[in-house]
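What follows is a single structure, and I will ask about it in a moment.
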Amino acid sequence: MGEVKEVSVGDIGSRAAEADPELKAETMALNVGPSHPSTHGVLRLMMQLDGDSIKECEPVIGYLHRGDEKIAENMTYNQFIPYTDRLDYLAPLSNNVAYALAVEKLANLEVPDRCQAIRVICCELARISSHLLGVGVYGMDAGSWTVFMYTFTEREKLYTLFEELTGARFTTSYTRIGGVARDIPDGWLGRVDSFCKGVVPILNQVDKMLTRNRIFMDRTVDIGVITKEKALSYGMTGPNLRASGVDLDLRKDKPYLGYENYDFEVPIGLNGDCYDRYLMRAEEIKQSVGIIRQVIGSFPEGLYYSEDAKKIFAPPKDKILTSMEELIQNFMLVTEGPQMPKGEVYFEAENPKGALGFYVVSKGGGVPYRLKIRGPSFCNLSILSELLPGHFLTDITVILGSLDFVMGECDR
Amino acid sequence: MNKQTVAYDSKVEGEVIVTRADAVINWIRKNSVWPMPMGLACCAIELMAAGGSRFDISRFGMEVMRFSPRQADCMIVAGTVTYKMAEVVRRIYEQMGDPKWVVAMGACASSGGMYRSYATLQGVDRVVPVDVYVSGCPPRPEALLDAMIKLQEKIKDENSVKNLLTKHPINKIRKDAVS
Amino acid sequence: MAKTKVLERKPLTFSEKTYIPQVASGLAATFVNMFKKSVTLEYPEVRPVIPENYRGVPTLVKDPKGRVKCVSCQLCEFVCPPKAIRIMPSEIDGEESDRAHVEKEPAAFDINMLRCIYCGLCQEVCPEEAIFLQDTFSLSGYTREEMVFGKDKLLKLGGTLPDNHFKWDKKKQAEENSENHH
Amino acid sequence: MSEIEKSELLDRFAYLSERESGDHLAVNCPAEQLIEFCTILRDEFQFDLLLDVTAIDWDVATPRFTGVYHFYSTVKQMYIRVASDCKDNIKPTLPSLVSLYSAADWHERETYDLMGIIYEGHPNLKRILMWDSYPYHPLRKDFPLAGIETPLPAEDVVEQTNLKVSAAPMMGGPFVSSGDGKMSQTEPKAKDESWNEEKGK
Amino acid sequence: MSFLDYLIPVFYALAMVGVFMTLCAYSVLAERKVCSLIQRRVGPNRAKIPIVGHIPIIGKILTRLGLFHPAADGLKFLFKEEITPQHVRIGYYYLAPLIALAPALTTMVVLPFGRYIDVSGMVQPIALANIDVGILFILAVSSLGVYGIVLAGWASNSKYPFLGAIRSTAQMISYELAMGLSILPVFLWAASPGSDYGLSLFGVVQSQQGLWLIIWQPISALIFLIAIFAETNRLPFDMAESETDLVGGFHTEYGAFKFGLFFVAEYAHIIMGSALFVLLFLGGWHFLPGVADPWPDGLIGILCSISWFMLKIFFMIFFFIWMRWSMPRFRYDQVMHLGWKILLPLAVANFVFYIFLIAFIDNLNY
């Protein structure tokens, strides 16, 4: 670092050097992670500190690289669905949906309205679940454990809903190519509705503890500012980009799943700082609640899978059991996978963390030739080496918390 | 002759005292298992859930999650251990003081789970000795609680007094062919 | 263009700048919660309510007549993403009159519970409704070996499930009805 | 809109060729002109978001590697896919887009890591997901999913645990799926008796 | 006789240390229980001692309250391996936890816990040593506590502890100023000219018979309270530990019994801080503001005064815990900002204001 740098107030080392040239300005290397409470998983930051302020930062990722893309090349399309759960493991349902939509786009397959409505509810519940954790963990990063506990308790209710719908609390594996695994259970919509009623008061409680609290505001306002240009240049998406003032929401811009039929607003931040990103998540939860209400209000009848997709979606179980034709179809579907045409598609869905993209290259048959997953967290994190320098060490917790990343989809 | 041995047998008496001391120490350890949450992936969220209000692992005195390995007793490996991460897991394990236990939470940590791939360690028991394996992907918090109770049962039967002087007997890490 | 809503933020008022109102409201928020009922489920004593169709431990089931339903077609083995299932097919010996059309049964059927991810794909693809994910959700063990469940254990866990289809019986009946069938 | 764009692009740039695509506008662009084209894309056509950089390994075909870029315009709300073949099959190279989009930094590192494509002009082209001394590029088609035995870098840990990267057991069932062709035709590949702990002893 | 004279204070001191340590252990439990209450959980309730725990009803209640957990936690440290990392400076590394704990225990010496009426009818404090400069002693000794933290951070020879130590040093020094200034008006008020009490804590308590000082000097009380929070390293000021960014702060490298000492020391400081606050501002063992003490004479009166005092301390401990689970954490430079730019001027202003006020009141009386 031979260049001459402007001396700022926080630049203790250079100030000392200026006062006394004999005094060497030394920086301290500090390694944060990969197992550290503030890194939300296995992110590692290698930093050069000058006193308490960060001079350089090099994020090291890959500690959770599990080879998802390689695995996808060796699995049928349906077999890969459980793996999509574990990408953004805070919102498995919406990953499932995004993946299914990508493959359906390859197959040029339209799913029935009911299936779409179910998927919209899934996506939005997943968004609520992810943002609840985002807000809660953010509170925890700022030092308030209790906020985390309150939001997590709310998440538990969501888990119960997921469990009824999909059979698992967490790793839902709910969608199939061409439909969903099963229809919604009786009375489930009512329970979703009552959950939606209960989630806003919890947010108000968090509000009371954090939102206007000066301690919290001092820590987050004007910290970790990402400008519009920088956010775009680093390919950020999702709430983090919107907090910087870009109104990119794929649900509005490239509507899928019939999002164009629902009325909702896209919150936009003005400053792009940590506080905006926090407000963003809280607001998005409210919008999601609104969307879910609308879906429930106009829930269509019909099938939850596309019936005509014989080579893609498995036939009904009782037919498999009794009819030879369906039995063979089932066998073919399992052993050879859903038959896809040759081609390549790129599909992005607006996931809680940002745009989750699947680039599917098919040579035909039931196995993708190449499946590239664009994890939004991967892109959102790449800004760290530029964002962190100039901040204090303590700020990394709030900045990392506000970016709300998941290493599962970052490293894949 | 026989009567005398009945009256006093240093060996037997000693054993009794030792087992009593064992029981006391084991009781102490059992009720104060402070976990070191090795939250790596999805299971970490269920680990949080276990610490959350609904499942409340604190009832067992285990909510004192110490991120510093020196203060922890039990490492809960929650998530996929990749080869890149394996050395870190091992180092953290080594920093823990005896007695220490390891719970492999979930399929990935126990055996590699669904990630049979080039990057994933096929079971954390190749790096650190595992005391309890929990099935599930991720296991429900209840399953983790069950596993912790199982761990407590295991702690209850340890020869603690003997191990106080010597090093805590560390289960061997697994070195056989991968599975 | 998207319909947007700009997140507004007001500057802190003077009283808010003194920290005190928000500290007080934070304290109040937590204080109120102190008197609410705890949401904890005291687990080992109180069991959680497991919904129908929960994806728990995969097990093998028998039909109401006590026959092993699995015909070792190995579909589950194939579809299983973590490859946790392992089946050794074997021919059925002897002429069992009630098992017409069934040529195979598993000699060994192991599920490595530490690999299993409870995804339910095996149940979904099974053409015989022989493998079921039960509501048992908690399995843990001290060794890896004890977590590989063999056929007997799986059958014991699975028990008997009511069979809605009586596939074999129907087939047998159909065969008896018309000799041409098959 | 995309039709107009497409013809406009193809007319204006002679080196572009249309690429078969199931969805978005897609063009092939030779590696030499990639930077030039992307600059114009960003500045004139307002594709301000570089969403994804990846590559495909076509295995035995030539050219073997194709770099694929996805851009998005927040102004026009449309995608474009730009594909660019690597000339060399042994040492594939592509120009780096880091000077245009900061997002390319990590993406290119990742593609280098997993696919082995060298991005010329990248300021810090080193592995990102695997560790630095890892010798292979796992997403190439000739690399097995199970992995290849490799030593690990951490000496002290290796000494104590004897740990090394060993091939993951793949033969869970009788079938092992493979990349191309119908899977039912490729089974059964192998049967590994040691996958099961009980049987392994 | 003379032998007994020596023995009784020793016994008395040991008993106090015992009580105090138990109190520390149980304030840890209180922390866990209150936290679980706030978070709508149950909290530790599983540890069960074989015989006591099996007594039909009482045993169950005790177990449910988690009363045996502190015992397990505390004793566990004894049976845990004492790890000494290779890179530490061994002497100081072992010294640090002792230094952290010792001041907290030492300050206890001058704390009056209650009062009794001696043979001559004078009200006397129950304290190991009723010295005239009690508060000075406490300020002097308790500020030694920071050396424990600094030493721990430095001797660990590791970066997180080092950062934690630096932070807490700066923080403690800054807040000690405000703290010292904030209690000057208290003593101005309590020690009227020519009185015997001087800087004695007992005198302050006695002066609050009618009116608690928190009502009379709310600003002092507030500054003092904030300073105590900072001095004890409690949220929102737990810079030294700040778990989410410094892992464990100064005690990251400490395990087993040494960590246990730090743990106890933290709570010891809280108890001390609470006691001090009660003595200075909440009227010590006096019943309620404006109400004469209803304590009877004799032993019962002594016990009553002690219990009432303890009750107030418990409330303060509860308040400490309650704050911790309701607040986010400050950032380090904001702590400095608050200490130097807000609290210090405020304390000075407050002091000056009371100088004039008290001078005015004194003039009125004469």
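Chains here go by letter, A, B, C, D and E, matching the order in which they are written, and residues are numbered from 1 within each.
Here is the rule we go by: a contact is a pair of C-beta atoms (placed from the backbone, for glycine too) under 8 Å apart; a residue touches a chain by one contact, two chains touch by 3 or more.
Computed from a predicted model, the values in this text were never measured in an experiment.
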(message) Going by C-alpha centres, which chain would you call the most central?
(response) A
(request) Determine, using the mean of C-alpha atoms as each chain's centre, which chain is farthest from subunit C. (result) E
(request) Give the chain pair, either A-E or A-C, that is connected by more C-beta contacts. (result) A-C
(message) Among all chains, whose Cα centre is located farthest from the one for subunit A?
(response) E
(request) Compute the distance, rounded to whole Å, between the mean C-alpha positions of subunit B and subunit D. (result) 40
(message) I'd like the Å distance between the centres of subunit A and subunit D, where a centre is the mean of that chain's Cα atoms.
(response) 22
(message) Can you work out the whole-Å distance between the CA centroids of subunit C and subunit D?
(response) 35
(message) Taking the mean of the C-alpha atoms as each chain's centre, how many Å separate subunit D from subunit E?
(response) 61
(request) Can you tell me which residues of subunit A touch two or more of the remaining chains? (result) 36-37, 62, 65, 67, 70-71, 75-76, 82-83, 146, 149-150, 153, 156, 171, 209-210, 213, 215, 247, 253, 335
(message) Show the residues in subunit B shared as contacts by 2 or more other chains, in ascending order.
(response) 53-54, 56, 59, 67, 84, 112, 114-120, 137, 140, 179
(request) Find every residue in subunit E that makes contact with two or more other chains and list them. (result) 36, 38-42, 243, 247, 325-327
(request) Under the touch definition given earlier, write down the residues of subunit A that touch subunit D in their complex. (result) 61-62, 65, 67, 69-71, 73-76, 105-106, 108, 230, 232-235, 237, 246-248, 253-254, 332, 335-337, 341, 343-348, 355, 357, 359, 361, 363, 365-367, 369-370, 372, 374, 378-379, 381-383, 386, 411-412
(request) Over in the complex, which subunit B residues touch subunit E? Could you list them? (result) 25, 27-32, 53, 56, 58-61, 63-64, 66-68, 70-71, 73, 95-99, 160, 164, 168
(message) Under the stated contact criterion, what part of subunit D meets subunit B in this complex?
(response) 129-131, 136, 138, 143-148, 152-154, 157, 160-163, 165-170, 172, 194-197, 200
(request) Using the touch rule from the top, collect the residues of subunit B that touch subunit A in their complex. (result) 38-42, 44-46, 48-49, 52-54, 67, 79-80, 82, 84-85, 88, 92, 114-120, 137-138, 140
(request) Report the residues of subunit B in contact with subunit C in the complex, numbered from low to high. (result) 53-56, 59, 107, 110-116, 123, 125, 131-137, 139-143, 145-147, 149-150, 154, 174, 179
